[in-house]
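Labels run A, B, C, D, E and F following the written order; every chain starts at residue 1.
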Amino acid sequence: MRILVVNVNTTESMTEGIARVARQAASAGTEIIGLTPEFGAESCEGNVESHLAALGVMDAVMKYPGEFDAVIQAGYGEHGREGLQEMLDVPVIDITEAGAALAMFLGRRFSVVTTLDRTVPLIEDRLLLAGLDSHCVSVRASGMAVLELEEDPQAAIEAITDQAAEAVDRDRAEVIVLGCGGMAELGETITRRASVPVVDGVAAAVRLAESLIGLGLSTSKVRTYAPAREKKLSGWPLGQSVSAESSVAGSASTAAGPAAGSG
Amino acid sequence: MRILVVNVNTTESMTEGIARVARQAASAGTEIIGLTPEFGAESCEGNVESHLAALGVMDAVMKYPGEFDAVIQAGYGEHGREGLQEMLDVPVIDITEAGAALAMFLGRRFSVVTTLDRTVPLIEDRLLLAGLDSHCVSVRASGMAVLELEEDPQAAIEAITDQAAEAVDRDRAEVIVLGCGGMAELGETITRRASVPVVDGVAAAVRLAESLIGLGLSTSKVRTYAPAREKKLSGWPLGQSVSAESSVAGSASTAAGPAAGSG
Amino acid sequence: MRILVVNVNTTESMTEGIARVARQAASAGTEIIGLTPEFGAESCEGNVESHLAALGVMDAVMKYPGEFDAVIQAGYGEHGREGLQEMLDVPVIDITEAGAALAMFLGRRFSVVTTLDRTVPLIEDRLLLAGLDSHCVSVRASGMAVLELEEDPQAAIEAITDQAAEAVDRDRAEVIVLGCGGMAELGETITRRASVPVVDGVAAAVRLAESLIGLGLSTSKVRTYAPAREKKLSGWPLGQSVSAESSVAGSASTAAGPAAGSG
Amino acid sequence: MRILVVNVNTTESMTEGIARVARQAASAGTEIIGLTPEFGAESCEGNVESHLAALGVMDAVMKYPGEFDAVIQAGYGEHGREGLQEMLDVPVIDITEAGAALAMFLGRRFSVVTTLDRTVPLIEDRLLLAGLDSHCVSVRASGMAVLELEEDPQAAIEAITDQAAEAVDRDRAEVIVLGCGGMAELGETITRRASVPVVDGVAAAVRLAESLIGLGLSTSKVRTYAPAREKKLSGWPLGQSVSAESSVAGSASTAAGPAAGSG
Amino acid sequence: MRILVVNVNTTESMTEGIARVARQAASAGTEIIGLTPEFGAESCEGNVESHLAALGVMDAVMKYPGEFDAVIQAGYGEHGREGLQEMLDVPVIDITEAGAALAMFLGRRFSVVTTLDRTVPLIEDRLLLAGLDSHCVSVRASGMAVLELEEDPQAAIEAITDQAAEAVDRDRAEVIVLGCGGMAELGETITRRASVPVVDGVAAAVRLAESLIGLGLSTSKVRTYAPAREKKLSGWPLGQSVSAESSVAGSASTAAGPAAGSG
Amino acid sequence: MRILVVNVNTTESMTEGIARVARQAASAGTEIIGLTPEFGAESCEGNVESHLAALGVMDAVMKYPGEFDAVIQAGYGEHGREGLQEMLDVPVIDITEAGAALAMFLGRRFSVVTTLDRTVPLIEDRLLLAGLDSHCVSVRASGMAVLELEEDPQAAIEAITDQAAEAVDRDRAEVIVLGCGGMAELGETITRRASVPVVDGVAAAVRLAESLIGLGLSTSKVRTYAPAREKKLSGWPLGQSVSAESSVAGSASTAAGPAAGSG
């Protein structure tokens, strides 16, 4: 089976890191394709960047020429997962939700440790909408910006480990979720240092995507994520992508259908 | 004072209708500027269209050459308000929230009557995120598509009035909120037929925007809506707009600042 | 248009201060009438005083000889707004709800700073009943009694500013609401010192009342606030007031009706 | 021990009926004193009447010349219990809360059957504030006005029994709570007809008051219900009652103290 | 009337202490029978022990040869109350719920002080399921194990008193609930030291059981706690007990019925 | 890897059916071991049976002589998962939670279709405790008893399909979860008939268990599920099982440890 793992920012090295972690997490026989949006911000740490990412991810998926069996949106707390679900017939997994969902099987309460204070509200909102907030005792900021995770991994590990410890001691968290796609590569070290299980959203998403594919399950199409109605879209300058959605979506669905069937 | 009222779809006639209602609702001395996104769907009735609208609205606002004192996003249940708030220094009002907020002063429970069944989840999610859901007893679909509101207003009035009556009788609603920017022009007739107050989000938003401007209040900039960090944005083909956000946002803020001060 | 702003306690100087702030907040052409209850406590800082205020406010409104277009109950966290809504045809705004409702358009989470610790529960309960509690992260007491706000405004400003800063730093508030009608006159100074927007409930209520009047909206009369049933009231010694409610209410409604219509 | 059971309206025959039921429910050795407010409405079915009742009940309790060990406010869904708790040192029980609290020990979900549709919101609000709403699946109106319960008990029994059956069948209630003090005398018959336990709030309140007295427990005085601060009250024409609260409350507390101690 | 008070662990001295407190709390004429499970843990401080206790308590009740009018499960935060309610016709009271329910009549918010940190989640879960969590501001651990309460009562009193003070100061609790059946005998001393009312669940449960018996109320049998369906139970080695449930339950019901009728 | 799938009742044929479905759902290389409790009810449809099952499942797991990498509790809405998590070092998955967790990735709201009306509350409670209730719009009973699923699969399929259709039409469910371990074998047929995705909890649990094992994740041991404290357990007649928990748990943990490591 083939899973597209789409970065939410335009930093290629981050896409590669995410794909590496995804491959480590994947079962034998799963092919991981890392995609980078063609437009957007080098890192997502706010609402405008996140809205750009929503379209950037959809655009990247629509342009992908091959078949695929699932899509993972590899940004923590970003907008857009609902659009992908509407657009595609194959399963879509947001790493925000994947991390939280698996964490809930590992302990009674979890905490998310993310990058900057300003991204905390975005994550809280995603968990609330997903109905995965009631066991989340805190979303804590490490103070490290997204790009600093790559630039100074050692400092990042320290900062994240500190917040994880605070989450366990003060917020009574029993599980830690890494709240940024860019943290995936630090996960192993953080896990060794932590007193509780540490869940990486990318890895969790890969396994959940495989699970859904394996069980022949995909997004319900009866209401919220029903295929878009026939519409005139105009003015969008990115030809081979989202703007052609009303027709391409069908073919993506068609394309994805058999792929999904081959899973 | 000048208020930008931005349609979420590319249908000009709908922008005009919305602006007409906004002008009727506005106080003397308020100038209403209707804006139409340069790209996007002719009507928004789903997630992909709504994500396009989020960027389309931001783009239209950034391209607006003059000063302004507030922005109204005139789509019911659409994504994107958080981005506008981050991007601008002047007040931003989403009509989804405006309609709900005023409704809560008029009765103990309200119901939203919208267009199609598939837009109900989008509205429910916006109200949940805004913390305005606890007094909302239902979001009901009239079965009329957005464009049908213009094409067959008589049928739309019937369908909306029917659902409003059901909301009062079955869901115990005491106030009705019109759940689509395109319903604004039907509001007067629906109000005459209804047994309870009917709130139009566009009109409500205009008055709320005037209120905030008049009181010298605007979006808090300490965390969620703090100005975007300096970022490299790339690949966005719409030059004079969102893609130039990190610098333009500043000048928009500067531009808006004095305008806000003149309110 | 004419708006009655009713103090909840019997301290005339406080009524005057509240009316001054209301006038500053009002649009041109809005007449503000400050009313003081004929009975009750010199300041409201508890439940018995608040229940007296509920009747005192209704009594003051019923005795007002002229026409009016809206009523503002200018006590933060007091009982009684529901009674006014039942009694009157014109819009009724409680400053507790007005401050919270506007705050929600300015930031993701707000905090109320009030007077004494013992008034915190009253405010929390009002916000809960109004469905405006989910974005309220804290109600903080400054430790200043209501009358001390007038007696020692400098100390009050310090204490309130300190709590506002704590609310932003510890509770993650992005907006501050002044939690006492008597704080209105301090608002300007507190605003200058605060790092986030500061909302005064009285000013907010004036603008919201104007908004509802301007839009021709008033309280729904279908269930919760339907006119009182014909009843025998007895024993009430305050002749020209609440005790005559079943009949006077009608005439108040009649009186208010045209006034509302002229808004 | 002596328990004051205070009617919320001025209809003496209803006070007598409530006292009769209270005596049936009471243990041997408990003296029940029925009190009727000196002012207020003949029946409470709305907000103004309920606010009058809040003061009427406090007034009646303050005028009671003897000692007592607990006070029961015998109106379902009325305002004012918080004031009594602040004013008194002895336990205070509201029948709304008493009925709900006992119901929760008898089944997983309960439904309240009350009089008119317009009183439903008052009851819902009281349960919400009391934190007793989460197991309440519905508050249903029988359509019988309060005074009709006395005038046509047979019709009342039919209407209440019908709603109780609907609550069990449709709302999945496992217990019924009678939602009006005036229903107490019908309780026995309704119980015989119902398929589930039927809780009368008056009877429940008597037993709960006895329980608290027996265990030497009374209202916490640290914050919400701390004794009122010294205040100047003015203009209140009801001399020997609430208006003298700041001093009388002390003596009531003093008076009640030993009485409570003798329980 | 006769009430069975069933310890959840196998420590006889603790059963005796609990029964002593129950007798002190009981009205004249109430007979308290303390029961100890025949199997299980010497103290319950975790999930496996609590699941054993659930069966141990049911087993002890089924083996009790006489008639009885109510059963109290005297463990704080333990599993199993639902099973007892299904099995019996007489009222069943869990002390977790009894303590919380009475606390809610004494103050606006309560805190539970329990033994070890690891039992906090069990208590939180029970309160959540019972719908008694919304006024609970915290469940605090004293750090004393269950058996240490007996071994070193002085240290236990200190530790519990400290946590109670923290709960009042930091969590804004207005009432303290003792969160362990084994704390019952320390209650008097803790009460003397506390600034707020202290509720012991065992004492509360006795009074609540008496209340239900006195009012002729017992568990609803329509759905959740309907008698078990006829089933083949196998493999259970404890002959005269739970394993014979399907038939014995009937006779227990029968046996209990008249007893309940004699209450 | 080896996964124990433990039936909650003593009906061997049901264990076999569950194991068959588990094997179909499992990845290549996963060994499924079906276990049947040695004691308990032939089917679980109530609280006493469920409490027996809690111990029966723990007992069966403790007696299992080999190593294993995860345990699945294959009863929908049963007690006991917390005990297993406390007792074991390897991941534990309850099918109630597994079905709900996967359903949330497939649509915005899901509905559970279970057997009898009396089991609905048990399922609702489990979802509430697991924090997986907010997207669950209903738990519907098909009216088929557990054993009837085997005896008359055709009728069961009809009844379940009917309820699924109602859930989609009336409750706005977008995904159906099969609410009984015994429904697993009917899943394929029901899926073919349904208009929305149908999730079987057993299959979901197998994939989730594999996911956790594959990612090297297991239950957090810091608080809620920390290993039991050293305790004297007595009176339990089932020697080689739960009663020896304090020591055996260690060896089970030890035994499981390497097994987990080999996953």
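What we mean here is this: contacts are C-beta pairs under 8 Å (C-beta built on N, C-alpha and C of every residue); 3 or more make two chains touch, one makes a residue touch a chain.
Computed from a predicted model, the values in this text were never measured in an experiment.
Undergrad: Would you kindly say which chain has the C-alpha centre located farthest from the C-alpha centre of chain D?
TA: A
Undergrad: Upon optimal superposition of chain A on chain C over Cα atoms, what rotation angle is obtained, reported to the nearest 5 degrees?
TA: The C-alpha superposition of chain A onto chain C needs 120 degrees.
Undergrad: Which chain maximises the distance between its CA centroid and that of chain C?
TA: Comparing chain centres, F lies farthest from chain C.
Undergrad: How far is the middle of chain B from the middle of chain E, if each middle is the mean of its Cα atoms, in Å?
TA: Using C-alpha averages as centres, the distance is 54 Å.
Undergrad: Can you check how far apart chain C and chain E are, centre to centre, with Cα atoms defining each centre and the answer in Å?
TA: 46
Undergrad: Per the centroid of Cα atoms for each chain, what is the distance between chain E and chain F, given in Å?
TA: 29
Undergrad: Residue numbers in chain A touching 2 or more other chains?
TA: Those would be 108, 121, 223-225.
Undergrad: Using the touch definition up top, name the residues of chain A that touch chain F in the complex.
TA: Going by the criterion above, the answer is residues 25, 27, 91, 93, 97, 101-102, 104-108, 130-132, 134-135, 168, 172, 174-175, 195-197, 199, 203-204, 207-208, 210-212, 214-215, 217-225.
Undergrad: Contact residues on chain B for chain A in the complex?
TA: The touching residues are 10, 37-43, 45-52, 54-56, 58, 79-80, 82-83, 85-87, 117-118, 120-121, 125, 128-129, 145, 223-226, 228-229, 231-238, 242-243, 245, 249.
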